[in-house]
């Protein structure tokens, strides 16, 4: 039986371990939001390091306690870097988060997303369209053809990606987080729905990417499912709080980082969520 | 006869269509200000997507309603990406904005600026030095030798670039926007001068780049001339408003994004400008 | 005899020259903090230009009055760009700042840090772990093996890097700045300790990189030692002031840029520091 109180205790533990240990988390991520990803990781208590080169990624895969791999702003170098780093992570049994940004755009992106399936990302985070398309690409139940992806923004609802998310989690043995108005997090047997956030999160760039980066931070201190749920909870909490204090997206981004930093473990665990069995 | 009221109505229409339709705008742009470009595009109502790879750029050229190409922080990959994407845009008759940052620095930048002439950018946006140098490079009337460009900042006045701007607009059949204390926008037959802004816009990086990105957003919903004028107007309005609320460039950047987001169509159309025939 | 009052007068002069002359400073720097570097350089009065290509870097080496080279987020292109630009700077006797971020990670980074030794960076800026590791790599007194570097953050105290910093300064004939709770700046014969700053500087990304970029700005108007001390002083002053006005790292970053912009020359010169002979 899943127990909400147990989950909350694990969230508290994840938050407190990260704040105490300041874990190093490596990232390979896009140039649009790389600064925001790093600042969000620092705000929740992590230490951020970003690289592009294959051997540097392999070094970080070992030196870091978790790694974040984001498919935005692809460069040719990724053909070498991403498989080598994913392989190193998989072999070292280090947690890593895959953010399949803009899956369906471009041949190299598609090829590498196919190739990375075998390295079993610990957590997959994306919006509903990306989760549906990735499940489709990996030929899993609930997936769709790639054609529905519209740039980097979602055109599908979170609940429409439920089956795809469960199938992806079962495939990797890890967790999947679908971001949207209500976030869906699953490990393939339990599904959590996390509430909160702000309409401003769609009016700034990087809310999703930085959430992926923060999932990686918590993956150093918790199971994939708890890491994804903790990150979603602190994002929803900080988003709700930040929105009350601002009237535009510029101020929201700043206030949001402040609220990530200030959120305490108990409040994060108490951010509204419900759970159900698959 | 040009009619100021007609222009204002077209500005209102452009602002409202963008807010309602949330058009996707692709960008290939420099790493310095890429985040600010995306956030500015989102603040005015667009949806932003950034890429570097040739086939991804071609995909976005078709999937987006307009594209922004900025020549900052060149990488070797651009030798393939920029001609292929510009060609795709030209053939699909999609609007695109060229921002010839630092024209005159480096051989690849120069070669590609020459090559892109035939794909007729819908809008060219730059500071006076860049517009003068680009007109010179393209061997148009009013242009100058490249030697006057000083890094990325302008050393020439906007009015000194008037003939070059008109010549560039006539060459492309689109519009040209020259950014400065007063902005000059022309389609080759009409010239508009847009007033406002803030001295802080020269104290932050990305005021010019993000203006180019926002021109592309409005180019999804208006003629090249109206798109460039609308973007200049909302920038001048937001700059004026933001400056009154802050006392430093950090706060200015944040407040400026907030004001971009909050500006309504009527106020943007009423931001001071005058028009003259060429 | 070193005289504190003389040093303060030179700091005042450096700050005022930069504000008056708006010197162009080129940078080759990482994608994580490139925006923050540029905004910090603008806030203190410089003009920023960033490039990646070898010939563009050589152009900027000549066109700029100083250059900042940061070893973060390495790309293969740097194998050509960094030696060519460093050589051009050395031959033109232009001041340049080396920021050996993450020294010890990756083979290319290590190879290039070895190669750049002969081009004698005017100022080397890093945290204690980086300064220790660079001195070790260059086989200087006080250096350590590379193995102590932990990602991009320091695990060593500033005072533990004192001998390494002095040895590096003697090797280059320039200055070295070690960033930490108290900053240590030396030209090999004098050591200054600069106080202030904020705990939030470790909670945002780019405090160190942007300090390096600002050292380069002051290096256009002062000796290497005074440039490094002036930059450290304005950073410590702005950090102290910003911390009093904010309660989170997002707001800190913004307020910090405002305080960099507002700090006057006298206050920067009076920011607490002491000096000792080596």
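Letters A, B and C name the chains as they come in the text, with residue numbers starting at 1 for each one.
The rule we apply is simple: contacts are C-beta pairs under 8 Å (C-beta built on N, C-alpha and C of every residue); 3 or more make two chains touch, one makes a residue touch a chain.
Everything numeric in this text was worked out from a predicted model, so none of it was measured.
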item: Chain-level touch network, classified as line, ring, star, complete or other; value: complete
item: Chain C against chain A, contact positions shared by both copies (same if over half, else different); value: different
item: Geometric centre distance via CA averages, chain C-chain A, whole Å; value: 34
item: Multi-chain contact residues (two or more partners), chain C; value: 31, 35, 75, 253-254
item: Interfacial residue positions of chain B with respect to chain A in the complex; value: 24, 26, 31, 34-35, 38-39, 42-43, 47-53, 55-56, 59-60, 63-64, 75, 77, 253-259, 261-262
item: Contact footprint of chain A on chain C as seen in their complex; value: 30-33, 35-36, 72-76, 102, 105-109, 150-153, 202-206, 246-251, 253-254
